[in-house]
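See structure below.
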């Protein structure tokens, strides 16, 4: 019933599972993005122990998809957070976990119906989740998906061009 | 089991300093070339399985992989080349006909590369296509010899024609209306994945041109693109019924294919899965065998019968054309086809592509499309029947320059097949017949077909059509022409280079350096 | 260089040479028609074209005149260039085999310093003897004959082949050619003229413009980029481009469309300079369908590249620009006169204050129609007078009278064959 | 914040009787969620919050993190000052409610003030249960109970920050090295973990035959017990404190039910919490254990709402009403209550019990009904146990719907289960996958999977 935070205009990552090819480049680039050096080879060869991908690829046979935080309108993780670490930015709509405030109670993991929040135990226990690469124009998982199984767009754009269907506009000459 | 003598064609180089063991290569290779050893946290690659498709190289996020042609595979020998030796080894192992995919890779003369296009200077201004109209709209179909009008006007009155009632008396036969003289060649659902078909269909529809179903019938997901569909009727008649014929904008009878003149097709039963069996209207799991000839066409008058049967079936509303391979007698064959009533003749040259063909046929049978087009156009003009049919050139059109040259030699439009597939990822590894295409093109494996997102495919094909069309306009403008019609058969704008007199004569062009 | 020098000397091989190369050229065109059919002296046109001296380079000039032979109104008249007398004999034999020669003579010329090395120039008034069965129309048989001569008889070239009209052309500036042929002494109701600027050093009398076939004469400024396409298109209908000139192919296109396929002259521009698709698509359905059909069928007849042409025929003058107007064309009217010119200056020279002067758009034709009725009336009266005289005299009645008035009698070359 | 009240224009007859638009009892999860929601719909209405505590804001579940030192007093808040300022919330600290007149719509506080309201939200939370235990050496009654336990030094409950601060100070002041905890439930064990982290030995006394009996099954409890014991802690099961020994006003020890006598200088009583409804006169509101509310968080009295640990609200699993004192539901109820108070129409869809707790490095999550006898008709239990890694997963199914889950050690993707419970998804088609270790969205029934993957975030 509520139009919170102008969610319609918020750009989100949409998933086209029929085109996920299970290459896991999204995970790889997510890890690089959230590494210290942000350099892929260095990140993997030297820093990887600290880095969790914030996008999860699920795969059985030829079915696969990559999923990350949906940045829900009424985000249950924000509701469940006892420390105030999990916040939904009222302007951007992005749900982020303030790692300084997070105490690792895992309430967010308990309530996230997508199961896309993970425990990061590398340092202080904190919940790790997609931050929508807020400093990038397009999140790196979307940028690096070789088959556009992930798309970054706002709701209007999504409705205009529904994911997974073709426009098939006829050329009227 | 005896040692197999065939050797690996490729060498896979993995830069250990760059490899991050992310296993993207492992997951992407349908030939199981790469393998991760968790004990050693290392990846190994098996050269012998590599087909050189370069999927892994392309997707490797760190550029750690390089696929190289294996050099010095055999001792250098200009007669017994590596390919001959490899083929003999393969055949000694298998005892069968060697199959291959895509167009011939032999070093036959590519005449396109020996033909140069013209430009206007001083005496004739070149035209800037960005500022001036530049028309490349093309119509495919039979043209009447002349147009008759009914004009009710006293010739001596001063009444202008504008105020007069003019009626067109001639009925113009059905035409395909192309926004650019480029169409997508026949590629059947079965030989390529449905996502390829969707990409081709959507791009053709969006751009205002046509794609061709090939001989695999028409999947119901493609019904929406009927206006931009050319339905093919081949010797197997897969998926052909009256509804199918009427789902297309035109019908093409396929007699031959440039890659395998005189040879039929064979889609193994394991590829005839549910959707394909429905589309082809054959039982699931049965081999789909297209006979070499149409068994109801043993002569030209049989062809005429089929052409008129198809015209009847489509209420004379759709052009009916015939596709043949470019063979030695192509000019009189084309003439016969035109006289048999075909509204367009598709000529597929020696270097045309295929999903599967005997390598020996592909590389040794037929003639190049350039020569075929030139001689067919000339012959039809000599006979005064050129207007009756459009000519579509096919068989390795690689660039907009090839398109321009084909039209100046006498084609009305071209078909592109390989170029379209390359646009959506094909790397010409020529292993289409294995069904394990890592680019998700020539395969029905759902794990692989996913790799071609038709949205991307459509976009890339649109870009290709757009890019080539712009280039065609640039070249036209440069030559001082602003309508593609004025290029048709305009061989004055072509010059040969490095060609002998015989070749020039067949092509009907002067040598570079010779003026008008 | 040897070869080029030979050509300058109007060698037998000239035609062959010309048929092998297209020589692009810039040009001046000028035409006047009196739509009432009133005839006027060639001097007017000579005055006009001379203003555009800069547009020519002396390598070609010429005129087409209609209504100049009222005495032979219904007979074919050939203007022919010969390299030598032997060729003339050979050609005349051919003509005699196919025609009843009513009258023939060397066309009167005057020696002037600007015109050098003219060929032997004759005209013949003829009635066809050819068997009509082989051809659909008499015109087709004439065309066939003309093409045969021009193709097969070396050193002979039929310059014009219509009725009551003639083409006068040669190597030189147009005003000099006019003087050479004494055109001030001819009277016609429709004149076109041409000054040529070919982009090579070659000049050949046959290659000068106007180009003629049957009643057609065409002068043209420009270069047709679609030449190859157009050439192949007309070849299907039996027109053989022996000269490889744009003007030639334009002439054939006009003849094909207007005479053979009976496309109304007012529709012809929709083929030769067809509207753009984007404009066609914006038109009402009926017009769109017609234009679409025209373009689909006659795409290969589209003249592409820069051009302005003036075509003459027995009862109209037709001017057209390419569809994006890459060449100049100006038109003006004064009373029943229609002027068409590459530039405005010649029009102003002749007619300081026209009623209406305009620059036709690209692809917009200008047509001056001479009403047949009005011509007929005049001709009849002429005929009446001439009935009693010998036909040898008929030819140059007016010319002689004109000559007399100027005191320059040069009609002595007339002789019967 | 109080100054705002003073500045208010004195344009009413009785200053003290000024009517407050939205009055909220309770300054924690439910109360603040309600305040924020009210402000979303009503930009101008006056919102006042009354709390008996003297901290402006802190997160109750985090008090054991405070005890262990994971967070300090600066970090323990879950809303910052800006939140109060932005939402213009008038908070009255140390203001305990004494009674409410539900008809005349005013309440009286301990300090005698009277507050009239247009809308009232009761989000007073819970109160610790202190059982009546025989006390030896006490000056007064001979028993300790909820009314007097805090008179004896060294006996604490642990439900609010003040408790935690006192415990912490007491440990530091007295150099406590050993603590006894009465109650092996969640609070008790969280406290135990905090103490263990500080290097303090722990004795746990649990009445039931295993710890975490309310939320875990035997296997899950066993894993935690094993871990607890490995730290050297003592667990006394099937046991309780029979008498408490007091000397000089301080606890010195206690005697267990089984007769064992223990020395003890610090006892934490953590046997449970009851809704804090002491200020509600009987009969004024429909009550059971807590205040009964409908699906719009309305109490039986007009204009009075309740939310959080104090209520008995709709229980999704049983279909009845139940007091489920957990944070996420408090927020959700508070949000619904606030919106409805401000004129909106937000249905509270109900909730079910769930809890996430990490004890001694073992994360665990339980949700719904976790203890059912397998043989009991209609229930189906799927288990996955990896004894080597103490990995345990149990899913309880009824009518092809999941009604309870226990996860120990591997809690990744636990929320997928809560989604399945909340949305009452029929999982019959994917039963064989439901308890697998790598369970994920891809194993879900196709429609629900599609809803999750292709949709764009849930609408609660």
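Letters A, B, C and D mark the chains as written, and numbering starts fresh at 1 in each.
Simple rule for what comes next: contacts are C-beta pairs under 8 Å (C-beta built on N, C-alpha and C of every residue); 3 or more make two chains touch, one makes a residue touch a chain.
Values in this document were obtained by computation on a predicted structure and should not be read as measured data.
Engineer: Tell me the fewest steps from chain C to chain D, where a step is a jump to a chain it touches.
Structural biologist: 3
Engineer: What chain is most central when centres are computed from CA atoms?
Structural biologist: Centre-most chain by C-alpha means: B.
Engineer: Of the chain pairs B-C and A-B, which one is connected by the greater count of C-beta contacts?
Structural biologist: Spelling it out, more C-beta pairs touch across B-C than across the other pair.
Engineer: If every chain is reduced to the average of its C-alpha atoms, which one ends up farthest from chain B?
Structural biologist: D
Engineer: Can you work out the whole-Å distance between the CA centroids of chain B and chain C?
Structural biologist: Going by mean C-alpha positions, chain B sits 48 Å from chain C.
Engineer: Per the centroid of Cα atoms for each chain, what is the distance between chain B and chain D, given in Å?
Structural biologist: A distance of 70 Å separates the two centres.
Engineer: Centroid of chain A to centroid of chain B, CA atoms only: how many Å?
Structural biologist: Their C-alpha centroids are separated by 41 Å.
Engineer: Counting in whole Å, what is the centre-to-centre distance of chain A and chain D, each centre being its mean C-alpha position?
Structural biologist: Distance between chain centres, rounded to whole Å: 31 Å.
Engineer: Would you please write down the residue numbers of chain B that are in contact with two or more other chains?
Structural biologist: 137
Engineer: Check each residue of chain A and list the ones that touch at least two other chains.
Structural biologist: If we look for residues of chain A contacting two or more partner chains, we find 173.
Engineer: For the protein chains shown, what form does their contact graph take: line, ring, star, complete or other?
Structural biologist: line
Engineer: Quick one: which chain pairs are touching?
Structural biologist: Listed by label, chains in contact pair as A-B, A-D, B-C.
Engineer: Would you tell me which residues of chain C are touching chain B in their complex?
Structural biologist: Those in contact with chain B are residues 21-26, 199, 222-223, 225-232, 235-237, 244, 261-264, 266-267, 274, 276-278, 289-290, 292-300, 302-306, 323-324, 326, 371-373.
Engineer: Spell out the part of chain A that touches chain B in their complex, as residue ranges.
Structural biologist: Result: residues 16, 18-25, 28-29, 40-41, 44-45, 61-62, 144, 146-149, 166-171, 173 of chain A touch chain B.
Engineer: Touching chain A in the complex: which residues of chain B?
Structural biologist: 17-18, 20-24, 27-28, 59, 61-62, 137, 177, 179, 198, 202, 205-208, 224-225, 227-228, 440, 445-447, 450-456, 458
Engineer: Write out the stretch or stretches of chain A touching chain D in their complex.
Structural biologist: Against chain D, chain A makes touches at 1-2, 12, 14-15, 17, 56, 58-60, 63-65, 67, 70-76, 79-84, 100-101, 103-115, 117-119, 125, 155, 158, 163-164.
Engineer: Applying the document's contact rule, which stretches of chain B touch chain C when the two form their complex?
Structural biologist: Touch list, chain B to chain C: 120, 122-125, 127, 132-133, 135, 137, 139, 143-144, 146-149, 151, 156, 160-161, 166, 168, 170, 172, 175, 381, 384, 386-387, 408, 479-483, 485-493, 515-516.
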